[in-house]
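Shared between the two complexes below is subunit A, which pairs with subunit B and subunit C, respectively.
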Partner chain A sequence: MMRVFEGLRFRRIPSPVHELDPRSKAVYVAVVSILSIVYSDPLVLTVLLIIQIPLVYAAKVVRFWLNSLRGSTFLAVFIFAVNLLTSYLYMGGFTLEGLLTATAMTLRFILLMGVFSLFFLTTTPEDLSLALEKLRIPYDICFAFTAAMRFVPDIALEAQSIMDAQKSRGLELERGGFIERIRKTLPILVPLFIRSFQRSLELAEAMESRAYGAIEKRTSLYELKMSKNDYVFMILSIILLTATLLIKPP
Partner chain B sequence: MIEVKDVYYTYPNGFTALRGVNLTIRKGECVAIMGENGAGKTTLVKHFNGLLKPTRGTVIVDGVETKDASVAQLSRKVGLVFQNPDHQFFSETVEEEVAFALRNFGFPEDEVERRVEKVLKRMGLLGYRKSSPFSLSGGEKKRLAIASIVVFEPEYLVLDEPTIGQDYIQKVEIRRVIDSYLETGRTVVIVTHDLEFVVDLRPRVVLMSRGRIIADGKAEEILSDSKLMDDASLLLPQMTELAYKLGNPKIPRTILDENDMLEVVKPLLKHRGGWRS
Partner chain C sequence: MLPGPKSRVKAVALTAMTAAAYTVGVVALAPISFYIYQVRVADALLALSTILGLPVIAGTAIGCALANLYGGYGIVDIVGGSLANLIATTVGFLIAKRRFRGSLIVALLAETLIVSIIVGGYLAVLFNVPLEVGFLSILVGSLISINLLGYGLVKVLKRLGHYG
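Entry: the complex of A and B
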């Protein structure tokens, strides 16, 4: 779990991908997401996944990216198993088609995970907020969104501390039946929720003491600007979309 | 005995927080682990009850390698009290909170009741037994966190930054808990920055810096060594600083507090006939 959070957290590394405007990266994410949902051919999905690799290299976040994929292995295996089982029950046996569907579903998950991880690893929360504002989304919502993103790693660390504290008092999360295990998450969830409430109250106080919302129209010190690279990247993304649709209509 | 042998620890994000730590803690000892923020103190004590397993090297608690035991088994022996009490309270009442570990360790119900009452009394929390843990003050929360571990009487009690954010009276109470724990022949390890507290306690001091142990010895030797203390980003105790500044050969630099100073200075002043009272 920690790995997944780590894989979604922004890393301040100088790279051409980091410098791209969040809007052009969003176009790319949208293209890959659309393609991964439209196609359920494992081959196409594999090709799409391979296309990610040079970008991840260019962004210099290979280790973090692989970590987030590794962190989602459990879910990937789960998705594969459930799909295989469903097809088994439907078709009354293991078929090639069932296997292909399960593989496609799993690849789709890994692909989406990978592309979103790349986006968040290379986009600062501030840029993200600016981009949302450009899309005319009310600032309150932008702020809530970026604040939530910003606090994910803190909450993950806190969850770890809470688990450590309860395990040190003899809590064994891995033992017991299903109901027993659910009951055992209470000592983890209760402090986590309470801390989250405390944190939002603290944040609200800090914001108010810095006159949040005092002015209707906010201006920013930094403005997002599309560069030549951004346009190139967006055009390439669109080409990827149209070319795939033309070469191999779903 | 807790034996830490050549332990390296690397966090999943690739950061190496311990770089070849060797340390032996014997039963009945009182040890203070000191060092700058990020030195690896918390990382080290998390190895004592198996929350973290060494990337390289071994940690052995009473003859059992931590790799071969569960955190629950080890925690029965090594009680770890974390810095932030808010990271553990979840029960509706103070009483339930203290009973949590006892129930996890399978103590019989009458024993649970007896122990909870005893520990709450000792911690001055008996009046709050039916209150919510969240309604307590900072000092009471801290004591409750300590109580929730002390209640099962682990052989080794490890306190991570116990005095942070505590006022003088609260520190005195924490000190009282440590003393009474040591009196029963058990072991106490504290992780702390609180120089005054350590000077007063006079434990064995282990200095850490950047993932390594840079010194280990009596409080008098370590805390008065300006070079070592500087390496660990700690200030000298005020009285030691004064002894250094006086630069008088008759005033040794192993002085840590006002009592040490008094002992040395009194005869000197008497000698000159300037001492009254």
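Entry: the complex of A and C
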């Protein structure tokens, strides 16, 4: 289990995509999302998906990207199966049209997944928090966001210890029926939350000792700045949007 | 009744920790599947908004967005899921605050319904999944995680009283 978190912990890789400003990447994510929602043609969606690949390569996050896509297999299969089934029920048989719609919807899902995970794989938590601040989101929320990210590996370790401890007391997590297995998670959830609550008190003390919130207007050591590459990237994104809409109106 | 944090710093700290716990719960406690129903165990934490209020409301929304970072369900979670959590926990909190007989159960049922309607709704709009199918499959999962597990979690924590 720890491997999951270890593998996905953010790594600052020197790549052109990592160096882009989160705001310009957000424009790109928005463009791809809009396009993927506007079009339900499998061809357009495939082309959009292919456009992601060089970017993922440039960002040097291929393995992580594929990993996060694998995590969404359940929903992708669900969307495909349900779409196919409804077209079967409503049109009285498997039609090419039904198959195309099911494929398009699954592609749309994979595309949305892919573009968002590219964004998060290439944006450091600190940059994200700075960008949120620039968007005038209250600092309390930005801080909670970064702090949560920082504590995830610790709490994961805690969860692992709790699971081991309960197993050593005879809790068999992997056995039993559906409801039985769900009930067995309670002895893990309760200590996990209590420990989180205790940690929050420790964190609050640490924050207070550093005079959190004492000064109304905060300043940052690092400021986000848009570079030339950012403007180029944003313009390319907007060109992608307008060109697609012009070449193949939905 | 558990005291929700009174000071702003404590509330911010609890928000962060709830978010982290939710993220760990989503990723580490693998969802338990049963045909098309998937129970996300971590959703039991949504029930805590009825006793702890704002930190849990913001925490589960942030946690839901964060879970995406660790390879969750992507867009489906980061926008829709966070929004669903935010609205559901807020409504749950507001209902539980009135403290009438059975208010906890009503609050949890409301949370379940809101999550199912929002998530089922955008599954329908975005991915052409019929509203009934998406709604029902989320409803069953949420009923179990929020109403069964969440209720148990709230009861146990209330009994423990002033912990920490």
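Quick note on the criterion: the second predicted complex is superposed on the first by the 178 of 250 C-alpha atoms of A that agree within 3 Å, B and C clash if a C-alpha of one lies under 4 Å from a C-alpha of the other, contacts with A are read in each partner's own complex, and residues count from 1 in each chain.
We take it that a contact is a pair of C-beta atoms (placed from the backbone, for glycine too) under 8 Å apart; a residue touches a chain by one contact, two chains touch by 3 or more.
All values reported here derive from a predicted model rather than from experimental measurement.
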item	value
First, second, both or neither for A:213, with subunit B first and subunit C second	second
Which superposed partner A:67 touches (first subunit B, second subunit C, both, neither)	both
Contacts of A:172 with subunit B and subunit C, given as first, second, both or neither	first
Partner chain(s) touched by A:198 [first = subunit B, second = subunit C, both, neither]	both
Touching partner for A:164 - first (subunit B), second (subunit C), both, neither	first
When both partners are placed on the shared chain, which of subunit B and subunit C touches more of subunit A	C
Contacts of A:186 with subunit B and subunit C, given as first, second, both or neither	both
Which superposed partner A:88 touches (first subunit B, second subunit C, both, neither)	neither
Footprint overlap on subunit A, where subunit B in one structure and subunit C in the other make contact	67, 158, 186, 189-190, 194, 198
Residues of subunit B that touch subunit A when the two form their complex	12-14, 46, 49, 51, 70-72, 75-76, 79-80, 82, 84, 86-90, 100-101, 104-105, 134, 148-149, 152
Of all residues in subunit A, those that touch subunit B in their complex	2-3, 6, 63, 67, 158, 161-162, 164-172, 186-187, 189-191, 194-195, 198
Touch list for subunit A against partner subunit C, complex	1, 4-5, 8, 10, 33, 37, 40, 67-68, 70-72, 74-75, 78-79, 82-83, 86, 101, 105-106, 108-109, 112-114, 116-117, 120, 140-141, 143-145, 147-149, 151-152, 154-156, 158-160, 178-179, 181-183, 185-186, 188-190, 192-194, 196-201, 203-204, 207-208, 212-213
Residues of subunit C touching subunit A in the complex	5, 7-21, 23-25, 27-29, 31-34, 36, 38-39, 41, 44-45, 48, 55, 58-59, 62-63, 65-66, 68-76, 78, 123, 126-130, 133-134, 137, 144-145, 148-149, 152-153, 156-157, 160, 163-164
